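The letters A, B, C, D and E name the chains in turn, as written, and every chain counts its residues from 1.
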Amino acid sequence: MTQMAISPPAAASEDPRDRGGPAQPMLIVDGIRKYFPIRAGVLNRTVAEVKAVDDISFYVVKGETLGIVGESGCGKSTLARLLMHLIDRDDGHLILDGDLVGEETGVPLDGLRRALQMVFQDSYSSLNPRLPIEQSIAYGPKVQGASSKVAKAQARALMEKVGLKANLFAQRYPHELSGGQKQRVNIARALALDPRLLILDEAVSALDKSVEAQVLNLLEDLKRQLNLTYIFISHDLHVVRYISDRVLVMYLGQVVEIGPVDKIYEDPQHPYTQALLACRLSMDPEERVEAAPLAGDPPNPVNPPSGCRFHTRCPFMEDVCMSKAPSLGDVLRSSAQDHLAACHMVHPGSGHSRAPLAVRA
Amino acid sequence: MTDAVANSLAVAPSQSAPTARVRSYWGGVWQRLRYDYVTLFCIALIILIVLSAVFAPWLAPFDPYKSSMANRLRPIGYKQFLLGTDEQGRDMLSRLLYGGRVSLLMGIVPVILATVIGGLFGVVAGYYGRKVNMGIMRTMDIFFAFPSVLLAVAISGSLGGGITNQMLTLTVVLIPPICRVAETATSQVRNMDFVDAARATGASTTSILFTHVLINVMSPVLVYASTLVSISIILASGLSFLGLGVSPPTADWGLMLSTLRQSIYVQPLVSAIPGVAILVTSIAFNLVSDGLRQAMDVKA
Amino acid sequence: MNDMTPTNLSGSMPLAAPFVRVKDLRVRFVSREATVRAVNGVTFDLARGEVLCVIGESGSGKSVMMRSLLRLHPKKRTVIEGSMQVGEHDIGAVSDRVLSKLRGSTISMIFQEPMTALDPLYTIGDQIVETVRRHEGLGREAAWARALELLELVRVPSPERRLKAYPHELSGGLRQRAMIAVALSCRPSLLLADEPTTALDASVQIQVLVLLRKLQREMEMSMIFVTHDLGVAAQIADKVAVMYAGRIIEYGTVADVLNRPQHPYTRAMLASTVKDQERGVQLEAIAGSPPDLRALPDGCSFLPRCGYAKPECAVAMPPETVDARGHMARCYRVGVEGQRLAFSAPAIQPSVCTNASQLAAARAEMLGRQA
Amino acid sequence: MWLYALRRIILTIPILFGVTVICFALVQIAPGDPIQNLLSPTASQADAERLRAAYGLDKPLPVQYVIWLGKVLVGDMGMSIANNTPVTGEVLRAFMNTIVIAMIAVVIAFVLSTIFGVAAAYRSGGLVDKAITAVAVFGISVPTFWLGVILVIIFAVNLSWLPATGMGAGGSKGFDYLSWSDFRFAVMPIIALALPPLGIMTRTTRSSLSEILNQDFVQTLRAKGLTETEVMIHAVRNIMPAAVAMLGLQLGYLIGGSVLVETVFTWPGTGYLLNKAILTRDIPLLQGTILVLATAFVLINLVVDLAQSLIDPRIKRS
Amino acid sequence: ESVLRVAMTAADIPDYTGAPDQGYEGYRFAGYTLYDALALWDLSSSDKAADVVPGLATSWEIDPQNNKRWIFNLRQGVTYHDGCPWNADSAIWNFNRVMDPKAPQFNARHVGQMGTYVVNIASVDKLDDYKIAINTKAPSSLFPYEMAMYYMISNCAVTAAGNDYNVYMKKPSGTGPYKFDSVVPHERLELVKNDKYWNPARIPKHDRLVLLPMPEASTRAAALLSGQVDFVEAPSPDTIPRLKDAGMQIITVPYPHNWDYMLRVDTPPFNDIRVRQAANYAMNRQDMVDMLQGVAVAADQTLIDSQPWYGHPVKYDYDPDKAAALLKEANCSPCKIKVGISTSGSGQMQPLPMNELVKEQLEAVGFQVQLEPMDWNALIGVFLSGAAKSDFNAINFSMAPIDPVQGILKKWMTEYQPPACCNWGFYSNAKLDDLGKQALAEFDPAKRNALLTEMNEMAVADASELYIVHDLNPRALSPKLSGFVQAQSWFQDLTPIVVAP
């Protein structure tokens, strides 16, 4: 383990890799946007766009875990890939530890790549089936210039770190591993470049509950050891609650609510968040849900509803919701303790009958 | 504390790891092939054919070009001529062995060349997508617009006969289909998360192509290419048969078939030998590629 | 077995007798390379109108057991032993002809993947109509009307249009509903649901669950529902069976099993499920991974991962211990105290996170003694 | 649907254009001089030059191409040098002769391969399966020209059941596929033509059927109580889009690949014409034949694509 | 109706508008069947080499005053198949078809095929309706041989077609013993008998003649065996036993058709006469004949011995030692030569095995032979452009020396070196040239033949070619046929054949 360039977990705030100081958010996402063109017609012109990520802003504080939840198709993975620069954004900026990413003055992509890593959901497609896992893990360091021997040693150390016996597993191929083991390899691979921020896109969703617990434990543990920051994407609300410090709720490519985990779970402001939370299943056979909290499927992101995008499914829908899109507020200026929701009902003077009259304290 | 956790997590695999012996991908393929007796037999057959072609100069009892008017069209098993003689009294066995060289060359070399060239184009097209893909694949489409036999006949009709020209012809004919397979496989692989994971490490495109893409594209392409060997052999022999291929007196199965056609009434069996050779070789290659496909297909 | 229409079959059965009786069901898949023992002696009864939830880790044999109830396994490579009685039919023994009459009418099944479980080349309507016509001999018109009714029943919005839609034109939730409509089209007496909600979003999952529960009640179906989500089981089950390595290791009413789990595996599973645990506190994960069904050891299959193992665990699978309420568990540490099962832990309870070498040593010792 | 069709049609235009370039270019690489065939063995060079000019073969290649393309677009593919007849007529007549037997062959292959494929998939691994696989592998592996020669020896020479060569006692003119006395001539060419596609299609049918039979929805069908036959009908319907595509592709291959078979049976189709044109270096005829064959192939593919989009609802039609 | 179905070796139906292509086989089947020339070949006997006899001209003579003016008396009472009368106008019209580029009936294609026969003609005069005078550019005693190749076609038919030969092609018309009936392009040409043929002896004994192109020898054999045709040209030697078994008649006769190597004599190594002689001595011709199952005879020169110009030439009998010695003497060892051969072709017999045998025999005495096989048409190209345009030392190009013009003059005289004509190997011998000029100016047949014989002997003595074999031109006939007389000629008369039902 010693050959790894990882600082001791003791002082989280004094990470030598830290450039912007402890108060500077790890990552600031400012107005990021991605529309996928839909081509059709005789000439294959773009006839429409999937508004997969539509003007999203937020930040991640150093050392925290930001949970992102939302229904399938709301743009969570697209957001993750945008952050990773795996797809090009249409608009918006990323600021990594105080530096603009990818622009002339800021950190080069390469730097971003080292600081930001991702764990993918699909454990089937996320590992190269023809590469022994040791090599899959060692690939990153090698790319970044480590000698093959060093990279291998590092890979083995990482395997031990994620709980895989190196001498047993190093030479195995992905199909010889169980789902949980594969996910560990994925995590090890992401850690190989010594990142600051790890994006976990549904990293545990495909796992059995018991294995999920193992991996969650591992993630918690690693975070402490390696002074990591997580963006944790999931649609399992129990898991998000367990692991996150703050939660961001997405609906149809937009942020509808963001805030500290307890505030969100105990006092959800947005009706969508409320419904989503109500969808959690209780383990108590006595507490059975009699009516589904959220009816129907989300609307098509090609043609999102006007105004508030949730108005088609919202029990509190009023005229204003159809005509005017509620704003979330200035997320980037808010503090990490602030709880923001993009709903007319929480914005005074929005015109919704349930909106508070006075500005909240 | 942390170590304890790590250890505890590591407990189980050591005891209940499903496979005691570590088996590579090819190891798995071999495991499956081991029980496929037909394929094994055909592999052995191909090895035999290849060896006998390679060692033809040592194996052939006679000079395949040495004719003897006294011994024209002898039946199978006549004196020292195990497979009889052809219309010029040349020993069929020797010619068959030497002919195997040309036929196998025609089966294998164009396929290898086409695999390299077509595979390269296909991988590039599949990986880069968009404009590059358009450019490469539309060009391939144009060649695809010609049925392979037509293209082969047209090209070799244009280039004229000879071993080199024929190999060139077959290569050109085989490139588009291989390119297509490679392109499809590549764009599939390209959409896999592990490629994104590799990109996220900041790896260069070349590095990704070589470490992650090629290795995965290889097996579908190779399996496909293996089916082309028999097609290539048959095409080549067809061209020779039409007089568009290898030029005489080169011993070549297709050409032998063509010249022996005149003698079919005198020695039907001897005349059929080259045809049987083509048939058997082609069946062997087909069955092997079937077997390979099955063995390699099993999802990891 | 004489032909009996499913409706009068369900009507003529005395209520007291259990509707489904599975006894010592064993399923093996035999191939050249290995023999997979997927189900190793499953026994349970299910009354009419009852819902049994089967829960267990991936690979514990849940789906295999379900498919056996319809004899859906490939004939050549599968060996099925034991008896499966549904109504008065012995599924293992009925002729193919009778079986295909039973399938879809008396017993029907919903599969996990709504994406792939429907024929992509037929419209939803066609697929429902086909079943209805096959089993009830309705005319085209009547069958279409029935299909429409069914789509309404499963709450598919604008059902007329959806009848003419192809599966790929529907979202996952709608597809799963269509699948349910197909399964319910002939009012089955037994519905086998193999993780019907696992592939769905939480919000859709709950819609489907509520719907299924309602329909099950209205139609008085018996249902076997496979899931590995305890929350789902809590929502829908009357009885719960916990499977591990092809065996039911705990069985009882949903309240008994979820609130008073006895078997160490069930307990560990409940403990490891993320459910409003304190943040920053380690989850109690079950170490290790499920056993290899190709080479099952004698004795309790959970032994390698069990924190409470005793020497006898390595010798033979523990027998069933049943209490008066029908709560059953198979563990040497479980006994009956009064009316109920009780788990007796040793004085010094080994942590779930036992040290690897310790456990290995213990195991070796046990195995050595046995040999 | 119409939009899709239109799009597909427009996409073929650049391909067809490329095809004309290749047709023209290929033939120009050819060594040998088409004019020589028209000269008596004792003719002089000056005679040759005169004739060359008469056929426009003295102009630079790009000019020749543009002239040729311009004429081709209005359906004039020039005059055959060897016969001095319009190439268009020659090729179209030959094309008709080819396409009919190719079509019959491919339909026979299609029907048989579906039956074989179903039988093999149904009895997967059994004796029937093995026998059918053997037939399929044979069909793929056998050199058709050799098969043709053997068929002639057996059925024409030794048994005298079928005529050895040609198309009808009176030639292709007035050939009547419906009369046995004429159709006899087509029997062996059709057999030789049908065998490879039969092999290929049997194999693909078999493998795609067993793939389909392994898919989840088949479980659903069985669980619904459908009999094995009904399940098989579903499965067969599911392979139809692919099978139809295969059918078209094979038809295209047969049309373009009939050179060998037609040469063996002297069947006066495009393949025979092509071979003749190559041997006599009849450039206009060669160009015309290749062009028509390639165009036919492109169009068949187009039709197949459209047909496939009709029978497979999953293919986007918007 | 009795039908005679003939399988030709041609790859396609020869031109039947009066200028046959596809080699002399075209003349044989689409020329002398439909058309006549001023002179015709006498094909009625198989005992002697065919010579020319009167055709559409009843007689001809050289103008006693002017040895460059031939007088032809035309046959009277002959009409074309379309009823058009044959006379001096028609004859002159026919010459202009090829000679006068301004004439409406001028046909460039016909020039390509027939131009060579009229190169000597300066002009044609009409003397009266049935008498014409043909002025040659130089004295040309052999002119009637050329006139035996020049077909007369119906001027009325061409005019009626608007001088468009593609239209004429739909209804061609000649004076020959057969009339055009129908054609299926590439497949079959059907002719019917001309009841009113001017020579009653040659009115066909069958009603219909069907000509089918079948370039593949095995296809021809199969077609004959399966009863699809009655008469096949050139069955391959190996099929002959089988054909005989099936009761077919196999007919062979020697005729002027040599299968040899033309040698390039202006460059090494064949510029050395010893090398040429060595090659000739190296030939074991009997081996070749054996291989060909007797369908060829050994050739010791280009002509066959029944031709009047055969003479008493030097003979090169098989003598490998002498050959080797000569080569050594010429200091050529190994004597590398490159030979262009074809893979098939009209009159080429079985070029591949035969050439390989030649190669083997040549190499046995010290040559080193590189065979370069090519398509027949490509080889024609090599031949037409002359040796200087290629890098071959020899080509295997069979020709038919049916008359002294083609067999002797054009082959050996310096003035016929390429590009003028056919002296491919640039043979040049002043004495021979001189003799040639004399012969052309000598109108006494006996004296002229003596001169020609001397020329021929001279060329053979020079070993100007590598003589190998003469084709016996086998034909296989169904037992139903009778009456066929195989002439010692490239051309054959099919009219006497009787087809039994």
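Criterion: a contact is a pair of C-beta atoms (placed from the backbone, for glycine too) under 8 Å apart; a residue touches a chain by one contact, two chains touch by 3 or more.
Chain labels with UniProt names: A = Glutathione import ATP-binding protein GsiA; B, D = Peptide/nickel transport system permease protein; C = Peptide/nickel transport system ATP-binding protein.
Note that this is a predicted model, so its numbers are computed, not measured.
*Asks:* Show me the overlap between the contact partners of chain B and those of chain E.
*Replies:* Both-contact set = D.
*Asks:* So using the touch definition from the top, which pair is joined by more C-beta contacts, C-D or A-C?
*Replies:* A-C
*Asks:* Could you tell me the distance, in whole angstrom, between the mean C-alpha positions of chain A and chain C?
*Replies:* Each chain's C-alpha centroid was found; their separation is 33 Å.
*Asks:* I'd like the Å distance between the centres of chain B and chain C, where a centre is the mean of that chain's Cα atoms.
*Replies:* 49
*Asks:* Can you check how far apart chain A and chain D are, centre to centre, with Cα atoms defining each centre and the answer in Å?
*Replies:* 55
*Asks:* How far is the middle of chain D from the middle of chain E, if each middle is the mean of its Cα atoms, in Å?
*Replies:* So the centroids are 40 Å from each other.
*Asks:* List, in ascending order, every residue of chain C touching at least 2 other chains.
*Replies:* 282, 285, 287, 289
*Asks:* Out of chain A, which residues touch more than one other chain, so two or more?
*Replies:* 181, 214, 217
*Asks:* Which residues does chain D have that touch at least 2 chains other than itself?
*Replies:* Those would be 31, 149, 153, 263, 279.
*Asks:* Could you list, by residue number, the parts of chain B that touch chain A in their complex?
*Replies:* For chain B paired with chain A, touching residues are 2, 5-7, 9-10, 13-14, 17-19, 22-25, 28, 192-194, 196-204, 207, 211-212, 215-216, 299-300.
*Asks:* Considering the complex alone, what residue numbers of chain B touch chain E?
*Replies:* Contact set of chain B toward chain E: 65-67, 69-70, 72-73, 87-88, 160-161, 243, 247-249, 259, 261-266.
*Asks:* Could you list, by residue number, the parts of chain C that touch chain A in their complex?
*Replies:* It comes out as residues 57-58, 157, 171-174, 201-207, 209-210, 213, 228-232, 234-235, 237, 254-255, 258-259, 268-270, 272-277, 279-280, 282-287, 289.
*Asks:* Flag every residue of chain A that touches chain B in the complex, lowest number first.
*Replies:* Residues of chain A touching chain B: 81, 84, 86, 109-110, 113-114, 116-118, 120-122, 125-132, 136, 139-140, 143-144, 160-165, 168-169, 171-176, 181, 186, 189-190, 192-193, 214, 217-218, 221, 224-225.
*Asks:* Across the complex, what residues on chain E touch chain D?
*Replies:* Per the stated touch rule, the residues are 11-13, 15, 21, 23, 108-109, 111-116, 119, 165-166, 169, 182, 184-188, 212, 214-216, 218-219, 222-223, 225-228, 375-378, 380-381, 383-385, 399, 406, 410, 418-422.
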